[in-house]
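Before I ask anything, here is the structure I am working with.
Chain nomenclature is as follows: A, B, C and D, assigned in order of appearance, with residue numbering initiated at 1 for each chain independently.
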Amino acid sequence: MANTNMVVNESKTNKLREIPVTQLVLPIVIVLLVIFNIFVTNNFFAIQTLWNLLLLISTTALVAIGMTLVIATGGIDLSVGAIMAIAAVTSTFLLETNIFILVLGTLFVCMLFGLFNGAIISYIGVQPIIMTLAMMIAGRGIAQVLTDGYLVSFSNPSYEFIGRGSIASIPFPVIILFFVALTIYLVVKYTTFGRYVEAIGDNETAANLSGINVKRIKLMVYCIAAVLAALAGLIETSRLAAADATRIGELIELDAIAAVVVGGTLMTGGRPYIWGTVFGAILMGLITVTFIMNNIPYTYSLVIKAVIIIGAIYFQRKNR
Amino acid sequence: MADKPILKMDGIIKTFPGVRALKGVSFEVRKGEIHALMGENGAGKSTLIKILTGVYQKNGGTIYFDDNEVDFKTPIEAQQGGISTIYQEVSLIPYLTVTENVLLGREPKAKWGNIDWKKAHEEAKETLKSMGIDIDVKKAVSDYNTAIQQMVSIARAVSMKAKLVIMDEPTSSLDDNEVEVLFRVMRQLQSEGIAIVFVSHRLDEIYQMCDRITVLRDGDFIGTWDIEELNQQKLIAQMIGKSETEVKALSGMKQVNDKSNEDVVIKLEGVRRGKKVQDISFTLHRGEVLGLAGLLGSGRSEVAKVIAGIDGKDEGKLEFNGGEINLSSPKQAIQKGIAICTENRKTEGIVPNMSVRENITLACLPQISKFGFVSRKKQNEIVDLYIKKMGIKTPSPEQKIKNLSGGNQQKVLLARWLALHPTLLILDEPTRGIDVGAKSEIHSLIDQLSKDGLSLLMISSEFDELIQNTDRIIVLRDGVRVGELNGDERTQDNIMSVIANEGDNDEIEGVL
Amino acid sequence: GESSSSESSGGTSESSDQAGNSEIVVGWSQMENNNPWRIAETESIRNEAKERGFGMVYTDAQGDTARQVSDIEDMIAQGVNYIILAPREFEGLGPALKSAKEAEIPVILVDRLAKGEAGEDFVTFIGSDFVLQGQRAAEWLVEEMDGKGKIVELTGTTGSSVAIDRKEGFENYINENAPEMEIIASQTGDFARAEGQRVMENMLQSHSGEIDAVYAHNDEMAIGAINAIKSAGLTPGEDIIVVSVDGTKDALQAIINGDMGATVESSPFFGPVVFDVIEQLIAGESVDTEIILEDRFFDSNNATEFVDEAY
Amino acid sequence: MKTVVNKMKNTSFPMKFNATFIQKQGALIALLLLIIFATVRYDNFLTYQNVMNVLKQNSMLGLVAIGMTFVILTRGIDLSVGSFIALGGILAAQLSSVNLLVAIIVPILITGALGMVNGLIIAKGGLEPFIVTLAMMIGIRGIVYIMTDERSVSVPDSAEPFFNYLGNGLLLGIPVPIWLFLILILISWYILTHTQFGRHVYAVGGNESASQLMGVKVNKIKVSVYVISGILSGFAGIVLAGRLGGVAQPVAGTMWELDAIAAVVIGGTLLIGGRGGVVGTFIGVMLLGIVLNIINLEGTLDSWWQPVIRGLFLIAIVVIQAKIMNSNKTKLGGA
């Protein structure tokens, strides 16, 4: 798609293909920010801070990982926030059952919404952004209808463990995040699925002619995105011990997309960088934490955030 | 006067990561001559052209055009400088009208600075008429077939009133009729004193049109000759850097063998699909090479697409290995053992940003993976095998395929399909834009494969290529089967007459 | 106040004849309806309309002033007889009020004031005093901590008048009356539990050991903060005192559990009062141009008593 | 011609020229059906006042959607419009004490310049429009908050009448915003269909690299469309401030970018660029607007049913459009 000059630029990555530059630029930026904090922010240099940070970004990162796959196929999913709301509400209906039914049931219900997204996008051919936008609007509405807009508080220890518990002082959500990221990374790197996703994002026609079931892969990708969003929804809900259909996951889709792109995956599709995405999310979170811990007004954080997003991506591209 | 150079390029150097595309090339074109730029795939022809016209920036060397040193930074500058170019990859704007595609960038203005549509349409219509093409210029260019589209981009280039017109493989997607039209146009330009740089892998065209030849090899400048100095053998020898005797071995007719008593691999009965496939029936036997001949737009590709499950058929019967099949996707066809190498390499073939390795194994991944996990070992085996077997020129299997030259991309795609070990392989224009060396390699490959019992269906707009490589030829016209030629009946004239005899053929929209 | 109004509503509803009301259509323009307080307000008014047999056209501007102006225009186009308006913010609704005036439709403002002449551009304003709410929270906190300690403030949605007022009321009182108390951090929790919790977690990290009290602009954020305090291994109420505004059920429950110190009521139950006013207008009586619901104050002394009627 | 068509990622998109036309018709049909439905159901729908309301209420979004159309036609997207709306309004309000002309011109120039920044980063830096404009959206929103200390800014009484006229005044019995919207639709239509610039906008969206090779100044075109989008959304912000009686809010325009995109897309302009136009966008804006109007005329819907209905309605339209195009595509015989 890019103009010819860019084609040439991109070809420069060839040497670095195995370790893409993105994977290098991000950690550097992050390390710099950390060092900055260690000096500037009091009590920053503590293991607890790390867990807080990872806890803070765990939901965004989970959503972003799903988003990475969607974007890699050349699509986009704006409905993840709404799906989180649906997950939150669904789980409250399953409070009476045991934790496994609660989790699996919620994930399943949300997967159906992903299925709906994917089906309409790949089988009917509606453009992803507009389909998922509609779902973003409708989905949250549905969640609110189910709770009459009220916020449903509950107390359910085993459920609350998902978001609040910790193993060996590592918050459980962080463990979930690591597990998910690792799995998806391995899948992308070593399975046919990963290659199909990349091929579809790069040249859908060729992929189709090579006997790849493009429609099914796309369907799966939107399902995965929905399931991961649901997982994030469960974590968030259990942390609050309350399902807040209206507020949960608000604007998370934008943070997630930012994380994905900062992570090095191209919006136009192609190779997905899972760890890049995780790092992208960490960067975002780190910025937020820096501001909160230094009590800098939210408004300024917006500006700096914008600059850092552009800066990070610009340097990646420049090194391509 | 005629000997005065219009263009002089000296010691042009261009390097891409991992590739030194041009290593100090010199190139000189005189006013009013038609100059052939020759070389194998990847020799650097297109790169040289792109540097001259400001698409790429050179790493070294000097360019004189019309007696001034120039260094165009963008294609626009080159155009304004008096160089108009038909780039190798046909590229038009699909949903703009023919008129707009011809005049894009220099639309006639009315007094408010708005476009004078009336004038524009007339101008475009005239230009195309002068090339013997009479079509509705108000329709979107995407409404016409590739042949017309190629003529439109040619019309665009010649109508620019340039001092130098560059044509990078303009004939690769044309058939004899249009090629004739193009040649008329070229002679016209020449008579106006306009110089032309002409790139083609069809040697007969070169000898028919050109005054001088410049040969590149692996980015090196080999030399420039007057056409008389260099016969085909010599030329090929220079291009591939082998002695003439070796070259002689290259050419050579494949001996025809009658496979009609072998068991039938695929059988079409009254197959119809849309307007472009009307009632097609034929059989293809094991180990047979069947040719589909016809003019552009005759529906050969569409027939192929039906057999390969890309397009579903509206009517008719399709039998494969004796059993009736109904394909609704390429996947099914592939699973059955039917593979197709389509005519549109760039858009239907390569996955540009993936490596040569991934591109070769893309279709056969299921075979080399367990529970969806790909065996890197098996993958590398296959890749190494085919890179060697087909002589694919690439710095490494990890190179992005988009950085390979056209010919090498084509070989990678062939490898992709052969790795599937299919029963039936459909080749739609398999040697389009491929150099003589690679071409004969592919030809002997086809021969070898058929000997190994693979059945092939071959589509080519070059009739002599069909004649050279097939056992039997089916002739299509307007999506209808109009004849079959066996053994020695398979001659240029016979094919043309079969097409012609079926009434006057003005079906290729507007080409007279 | 709340109680008095419910009495009077009881009184009037008997006297008002249902048949008469049903011809009368009241437009109810809510500015947004996405938190317990708003929902309670919305329902209070809609239910009261049903009970007293008024027709009602309900719109939700979803937090967008322009949209609310449109909503009111649409109501006017439908020819409603009265308009109840919960303004998105003080400014920006001028044109809407103007067109209502031109259409001679009386407008009653609830819970927030809008720019304009009471009695001129709108009939009356029925609401709470947000500045006062902030101040009362401050008063209680100063007393509770006898004038010493470090406070963290969780502010409401950036730019909303409620947040601005509750901040002003609280901070002014602290600055004037408690020189030894200091607001060491003020971050927005966007009126949401999750945000409040998230922000608090990081505050506890950056100011670990310093924080003595939390003032949240609403109960949702307060409860979020309490979650954070707990998960940081501290005990709310002892290590850190939490005070906020609203008086939701969850908040009162938290007070009973000893997690929360106190909350200033900001009553959402406008229905009865509003329709008393409307019926007065129908009856041709004159009404005050400002009716301030006096808000109750909930702490450990009275929480149990009110928890059931809370929303 | 496949060669070019398939350059566009998603093959499920239409491969024929008249697809846009049909899709536009799809939107048009939906619009007519909706109007008929509303007219039958609500006595007050087809009244002069209500019609004017709908048009007026959606004119500001309309202005933004026009700019968005230009951007999307080049295969770009502009998420920063919402923040530009706020910025435009705020600047206008703050400058209105100086001089009304300044109050109109300067904000537009500034948002236009910021649009140019978008365009330059996208064209020269080669970054994806989505992420660039997303960052711009976040950053400018922050700046607006800082500028205003998060409070609304109202114009001095001297300027109030003018802003009021801009947002609510009548001209020949028709509200001023409607005039602005319709006139700009007309101008944009003319530019897109009758000028070189307009056609090149389509060319860039249709096939960027081909346009490059054919001598279109791709970067210039790209930058220009973001400038246009910036200018129009800044101006929309000013009109919006006028509509609120001379009050500009720092939160103005939040989420408008998505509404604008939705309007453009259901208006038949494809996000893959190259096809569509402002006439469709007008239809799209009206479709969205009438749905809201119907929800209000209904007047009994719970808050949470409103998004459900809007969302399902959106899905319905785009699905119908896709259906039409697919059938149209298969009739063509593959490709």
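What we mean here is this: a contact is a pair of C-beta atoms (placed from the backbone, for glycine too) under 8 Å apart; a residue touches a chain by one contact, two chains touch by 3 or more.
Just so we're on the same page, UniProt names per chain: A, D = ABC transporter permease; B = Sugar ABC transporter ATP-binding protein.
Model, not experiment: these values are computed from the prediction.
Chemist: Which of the two pairs, A-C or A-B, is linked by more C-beta contacts?
Modeler: If we tally the contacting C-beta pairs, A-B comes out ahead.
Chemist: How big is the gap, in whole Å, between where the Cα atoms of chain C centre and where those of chain D centre?
Modeler: 35
Chemist: Between chain A and chain B, what's the gap in Å when you average each chain's C-alpha atoms?
Modeler: Using C-alpha averages as centres, the distance is 43 Å.
Chemist: Suppose each chain is reduced to the average of its Cα coordinates; what separation in Å results between chain B and chain C?
Modeler: Taking the mean C-alpha position of each chain, the two centres sit 73 Å apart.
Chemist: Which chain B residues touch at least two other chains?
Modeler: Correct list: 55, 310, 347-348.
Chemist: Which residues does chain C have that touch at least 2 chains other than itself?
Modeler: Within chain C, the residues that touch at least two other chains are 33-34, 158.
Chemist: Among the residues of chain A, pick out those that touch two or more other chains and give their numbers.
Modeler: If we look for residues of chain A contacting two or more partner chains, we find 4, 148-149, 203, 205, 208, 298-299.
Chemist: Per the touch rule above, enumerate the chain pairs that touch, sorted by label.
Modeler: A-B, A-C, A-D, B-D, C-D
Chemist: Which positions of chain B touch chain A when the two form their complex?
Modeler: Contact set of chain B toward chain A: 16-18, 50, 55-56, 310, 329-331, 333-335, 340, 342, 347-355, 358, 362-363, 365-366, 369, 372-374, 398-400, 402-403, 416.
Chemist: Which of the residues in chain A end up touching chain D in this complex?
Modeler: That would be residues 1-4, 6, 9, 74, 76, 78, 120, 122, 124-127, 129-131, 133-142, 144-145, 148-149, 201, 203-205, 208, 254, 257-258, 261, 266-269, 297-303, 305-307, 309-310, 313-314, 317 of chain A.
Chemist: Quick check: in the complex, which residue numbers of chain B touch chain D?
Modeler: Those in contact with chain D are residues 55, 74-76, 79, 85, 87, 89-96, 100-101, 104-105, 107, 109, 113-115, 117, 139-146, 149, 156, 273-276, 302, 305, 310-311, 344, 346-348.
Chemist: Residue numbers of chain A touching chain B in their complex, please.
Modeler: 4-5, 7-8, 10-12, 14-15, 17, 190-193, 195-196, 198-199, 202-203, 205-213, 270-271
Chemist: Quick check on the complex: what are the chain D residues that touch chain C?
Modeler: 44, 47, 49-50, 53, 56-57, 60, 145, 150-152, 154, 164, 167-168, 240, 243-247, 249-252, 254, 292-293, 295-297, 299-301, 303, 306
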